[in-house]
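Let me give you the structure first, and then I'll get to my questions.
Chain lettering (A, B, C, D and E) follows the sequence in which the chains are written, and residue indices restart at 1 in each chain.
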Amino acid sequence: MVEGIGIVLLKLAFVLLFVLNFGGLLTWVERKQSALMQDRIGANRASIFGIRLIGLFHTIADAVKMFTKESFRPVAAEKFLFTIGPGISVFFALVGFAVIPFGDVLIIGGKEINLQLAPLNIGVLYLFAVAGMAVYGVVLGAWASKNNFALLGGLRASAQMISYEVALGVTIIGSLMIYQTVELQEIVRWQGGTLWGWLPKWGVLMQPVGFILFLTVGIAQSKRVPFDAPEGESEIIGYFLEYSGMGFGMYMLTDFVETVMISAITVTLFLGGWQVPYLMADGFHFPWGATWQLENWAVALLQVGSFTLKVMFFLWLQMTIRWTLPRFRYDQIMRLGWKYILPISLVNILITGLIITLLK
Amino acid sequence: MNIHDKYKPLTFWEKLYLPAIISGLWLTSMHFFRNLTLHILRALRLRKTADGAVTIQYPEFLRPLFPRLRTMHRLTKRDDGTPRCVACMMCETVCPAKCIYIIADEKLENPEIEKMPESFDIDLGLCIFCGYCVEACPVDAIRMDTGILEISNLTRKGMVLDMETMLNLEPMQDRYVKYTKEGEIVSQEYLKQDLSK
Amino acid sequence: MSEKIISKFFDIEDSHTIEIYEKHGGYETIRKVLKQWTPEQIIEEVSNANLRGLGGAGFPAGRKWSFIPKDSPKPKYLVINADESEPGTFKDRYVIDHYTHGLFEGIMIASYAIGAHKAFIYIRGEYIRQTERLVEQIEAAYEKGYLGKGIFGSKFDLDLIVHRGAGAYICGEETALLESLEGKKGWPRMKPPFPAIEGAFHSPTIVNNVETLAYVPTIIKNGADSFANLGSERNGGLRLYSISGHVKNPGVYELPMGIPLREIIYEHAGGLENGNGIKAVIPGGSSSPILTPNEIDVNMDFDSLAAIGSMLGSAGIIVMDDSTCMVRALYVVTRFYHHESCGQCTPCREGTGWAEKVLKRILDGAGRPEDVDNLVEIADNIIGNTICPLGDAAALPIQSYVKKFREEFEYHVREGKCDVKGQ
Amino acid sequence: MEFCKAAKTECDKIIAKYPEKRAAMLPVLYLAEKEFGHISPEVEKYVGKLLDVPPVKVHEVMTFYTLIAAKPRGKYHFQICRGLSCDLKGCVKIIDYLSEKLGLSSDETSDDLMYTFTPVECLAACETAPMMQLNEDYYGNLTKEKIDDILKENS
Amino acid sequence: MPKITIDSTEIEVEKGTTVIQAAEQIGIDIPRYCYHPGLSIVGVCRICLVEIERMPKLQVACYTPVADGMVVHTNNEKVQQARRAVLEFLLINHPLDCPVCDQAGECWLQNFYMQHGLYDSKMVEDKVKKQKALPIGPNVMLDSERCILCTRCVRFCDEITETHELGIFNRGDHTELLPYPGQELDNKYSGNTIDICPVGALTDKDFRFRTRVWYLTETPSVCPGCSTGCNINVHHNDHRPYKAGGIRVSRLKPRYNPDVNQWWMCDEGRYGFTQVDADSRIVAPQKKTRGDWQLLSWQDAIDEIATKIKGILKKHGADAFGVILSPQMTNEGLFAAKRFFQETLEVENIDFEVVAREKGYADDFLMKADKNPNSEGAKKIGLSAVDNSGLEVAQMLADAKDNRLKALYICHHNLEKGFKKEEVKEALSKVDLVIFQGTNQNSTSNLANYCLPSASFVEKDGTFTNFAGRVQEIHKAVEPLGESKPDWTIFRNLSKRLGKSMPYFEAGDVFNALAEEVDAFKGLSYEKIGEHGVLLNGHRASTEKEMGALVA
């Protein structure tokens, strides 16, 4: 029992460290990547004893600043809701990771450890449920500010998130029809197989349209460019207008955590999660017949590494998109969500169903 | 009238949007990878030039300022050292940020002037550097050519400039671009600084 | 043509004394008038004689007198305008010097005609000798009983008072004159009411020029027609022309109304000095628009001059020969009006000073191309917008000089110097 | 500050001539000028009292007219005409000459109170241009020589 | 009555009306400088030129009387050109020192230039120099260069005050407005010259450079300086409060009322508003404990005072209670006081009149010896001792001295103005409870046990009744200083605490109740008062009577 709790705590620590570090580092990535894309140098000034470490200390500086800055609260604000708003937001962004599998099974001392925090058999549904809650953090924060601009930002945010919530669910139905399960570990395992003996059965190949749609919707869910109509702090003023210090920091963090989250879900659903091509539980089995036996811990390591790399790739992709595309207008966001993504997803489901039926 | 008429109708590929996104992503990605490589090479001392970035390293290297740039305010003086300001409060009136506070004083010893500020404060914490005060001033008493851009303070009160301070500021000519009569920029030494140092 | 009424006294020695005047038939008319004439008859006679105000405005004298309200309980006053200040005019001085009692007789007849028992001679302050002469002769007249209670043994009382001005051109304007007479500064009054209704001391007042009144005895004596026939239509009789400037014989000439200007210059004033040609002529005091040599065949009466855009005014003729710089001439004229503007109403007060400064600048060689048009605009803006005619008087010369000698002004502006020889 | 007896009588006589006291302003000012040399503020107040007029109105009149002296004037007052007719006849040279001779510029009085030099606008004696007025008398057809003679006579 | 057409509007006006007045009646504003309805017409500025058909020249609208069938054009090309010309001429020698000039913002030269001028200056010559910044009197500063010689001020001093301080000297463009050498512009109405000066030639020493006029807000009110009750506008600085160092009311300006003060007001009233922002203002209820003043909340103050009053009334009866109201109070304050003291407390010793020992200055124009704005109102409401068969003020003090008076409620008065200092001190020291209610501290308030802060006349709505029985409204211009409240609110609150509530929520409610109850006010209502006030019953409108012998 104690052992079990210990393992869960370890896994929890791993996931939280994984997520929060990625989230924190993303602020650095954001700066540096955009700089590289724009022929700039990027943040490099923060230094400790003269060591600058290519700007990595900025992350720390940010954190210090966020914590020490005056946390300002408007006189008219709803005290309680204003305070907990950012917390709600960041909480629901984090808890989604509970169901993401980051490896298969690790055997330590004969004990099988499922490399997933919470092996829920309704994994995908849980994800959506949690994602659905994220909107509360935003809306509560916006409304509790008692600032009309913030409220408008909040309304834009909630309209956008709720709209895309629908699309989010619909886009992956095609995939789920193929996987025949909603348990994420199962979905990943399903993708371990090959097609015609050599092509990994990753979701992106099975559902290319679903993949693109899901990615789009996912980015929209994270409220970042090009879907940042709720925020747009420099032009249209966002829902966290009245927040400063850590309150603001938590909203920022939410965005980044959601970015990681979207990457993780995308990887899990469409890129084979922790799967490494041709890597079975006992080692590699290449299509041309060669095999390479590996210990269980090595396999697990490769799997976790594979998952991490894939997530990182998607983070990079999302950053690239964020620094490439201009912001959609609010009406464009709505139109895209309801008039294009949703119908296309439905058609995708139809076609998938048709093919599945035909193949049977 | 449909205002979109004037636009060329989008082709199918354009309407699809994705190819455009991908080509955009391609462009930015190429920059990313090229610069990433160059930066790494430079970090490993394999390259010396500063390719891959156009950034000027600000506190070490200063860009020349263009004459239209509005920097911190100063008050000009008459020949006898008194402020040129006549406390007409035009700047205060026009100021959209309401950050100028003038209290006028009567100077009867010189009836040609008659009026001078007793105090003249600008709260830089509120100032939006629109330059309206300079435009509005009928006697050229306030200018924004000190070249001072780094304005920060630990207290709100410290952000308030008083008359004494502003009178003692000088225009920072060196930092401004100079033009030839034909309007060409002659002084560009800052732009030509070698960034590899 | 040889008929002379006033000027025949100019050459008679001591013609200002009662004795000499009476020797030449003086004071006969007034005695007759006091006995036989009614005021209405006098007014009618003067009207028929086409006698017009010779001070400058040319308003028919008889008609002016008839404006006096008959039934007003207030005293009536006659004010004689001897504030002769228009540059180029000096005839009144001759009248006062030599035809003193003729003037008095005219005053008596006019006072009788309008029912005034007090008459004021408002004489310009610089005429100190003339003032002395008037005071002296008035005393003499009082002694003889020609003035004072029951003049000439009649029941008509008349006091004549000499009031010396103090150096203000504006006081030649009748309402300013009345203000000055009342002991105020000479600011012209708004009209209406006209002085004939409410003038000096809030009472009906007639203001007449010295010369106008000096002709009255002759008119009454010889009859309206004989006087009217001497002049042209609607411009009765003779008048005194003052001529000065570049002529051989400057002076005062008594000639019929409507005589051609050329004749006055060449026949009576002896033509120009040094055989120079005429460049310009001012026909009626410095305020009248200037005439060019091809306009000097004009007849010198009120209507003919008005027809060619000038005016007879006080008939002060100033002749300028071809060595004259018109810019300088205009500057001198404008300086005069600037100096004499009373300062009451805005356009004249500010406009005259401005015009003078602009002209001074042009003269000093610092003129700008737009100055010439600017001068005309200043003048245009003054004309008609002031209380009294001084504004117009200052503006009319500017308009006419610039119009007729524009090239000279432009040359001055362009080259910074004068293009006339000898300047 | 008060008129002497003779002047007072004279003044009363002048005032009696007019229907209103105030009308005697100019004659009384002239009289006062003769009596006191010039019209000082005290004289103004006195004249105002004589004529029942606020002193400010006396001051208005005094500053309005050019012939009434607010400051002491010289024994010989040269008023030299610079009107149009005189200007045409070259009065500028005469004015400069006289100014130089007297050592005075416009509107100045010599320190010994002998001479006052004032160029004035038209004096209405254009037939004798260039001309001037010395105290009460007109002098016409001026030349430099004539100026010399006049100065010799009056010194 | 002549019928004339102005800018194609036909109007029938009284005979003798001038064109400018006729145009005003139909809302056409012809620009003017020298014309002032209260002064003689001189027509010197020439800006009001209009075109009248069948007249060869433009005519000055201020001087030309209307004639039947006249057709006037006030804004055609020719007129506009003339106006532009006049403005150009006026600005030739006018210094362009608007930034320094205190008149900027309410300067007619500026305004008309913006409306009718807007030409580019062709003037390059030097301007004529005249005297600048010349103090010509205790209140007035002259800048002769700025003067456009409209002569309004000269006419004011000649015709209205007949003091003849100012004159127009010299002539031509050297004409200059100056006071007579050696004389000061120090008549009792000199401030009006500043009001009527259309430009910045005459400026107010008291107001000069304190603020700029466009920061000011104006609120119509009535001068509380004497019983004439001149109509005024209170100019208060809402937008730049830091400017004046806490002085909220910048200046008072007369407001036109044909029946009371026409266009004028006296300097005493004009500059007599300083107590409004003075340091001596009582800003919170306070109570004296062992010689020191201690601040209280309103709640506590009312509680304590009510308890004490109750105690005294119970112990000594109503005869031991004296009330000295003040004619400085509004009708509303007085009426609320009457109800509170007479009905709630059933006190009879009520009086308001403290005759000042020093007689105030009075003349036959605007200034009255009674320096209270509402004596007539207090009388009419029935608050003099005679009406109540109670004690007079003097008697109250005498009673107090003899220990017969146990409580005294004093409003606003400084009793030392009417009685000897020692007398007041002795009397008040023997009274158990002295409550002072007023705007400012004075030597009487220092002798009190309680001080209640009352709002000053610029801080409340209400009405005054002037000496001729004209009820005129004052309006709240600024918020009451500190904790101060209008008098009637204090009495209402006290009354409520003592068991009898008054259903008043604003000044108008009190006045309407007053109008119902008091005969002299019968038939009036707060809504009916209007900007020029209304007369009480039994008073006949008579300009002459109200204004004294005003020189027409």
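Following the convention adopted for this analysis, a contact is a pair of C-beta atoms (placed from the backbone, for glycine too) under 8 Å apart; a residue touches a chain by one contact, two chains touch by 3 or more.
Note that the structure is predicted; figures quoted are calculated from it, not measured.
Here the chain-to-chain distance from chain B to chain C, counted in touching steps, is 2.
With contact taken as defined at the outset, there is no chain that touches chain A as well as chain B. Compared with chain E, the chain whose C-alpha mean position is the greatest distance off is A. Comparing mean CA positions across the assembly, the chain most remote from chain C is A. Each chain gets a centre from its C-alpha atoms; the one nearest the centre of all protein C-alpha atoms is E. By C-beta contact pairs, the most connected chain pair is C-D.
With each centre defined as the average position of its C-alpha atoms, the distance from chain A to chain E rounds to 72 Å.
Distance from the chain D centre to the chain E centre is 52 Å, each centre being the mean of its Cα atoms.
The mean-CA centres of chain A and chain D are about 106 angstrom from one another, to the nearest whole unit. If each chain is reduced to the centroid of its CA atoms, chain C and chain D end up 23 Å from each other. Of all residues in chain E, those touching 2 or more other chains are 168, 170-171, listed in ascending order. Under the contact definition stated at the top, not a single residue of chain A touches 2 or more other chains.
Multi-chain contact residues of chain D (touching two or more other chains): 57, 60, 64. Going by the touch rule set out above, the chain pairs that meet are A-B, B-E, C-D, C-E, D-E.
Within the complex, the chain E residues that touch chain C are 41-47, 49, 56-58, 60, 63, 81-82, 85-86, 88-90, 92-93, 122-126, 128, 148-149, 168, 170-175.
Within the complex formed with chain C, the chain D residues making contact are 17-20, 22-27, 29-30, 51, 53, 57, 60-61, 64-68, 79, 82-85, 87-89, 120-129, 133, 136-138. Of all the residues in chain D, the ones that touch chain E in their complex are 41, 54-57, 59-60, 63-64. Residues 18, 21, 24-25, 27-29, 31-32, 35-36, 39, 43, 52-55, 57 of chain B are the ones that touch chain A when the two sit in their complex. Touching chain B in their complex are the following residues of chain A: 33, 35-41, 54, 212, 320-321, 323-325.
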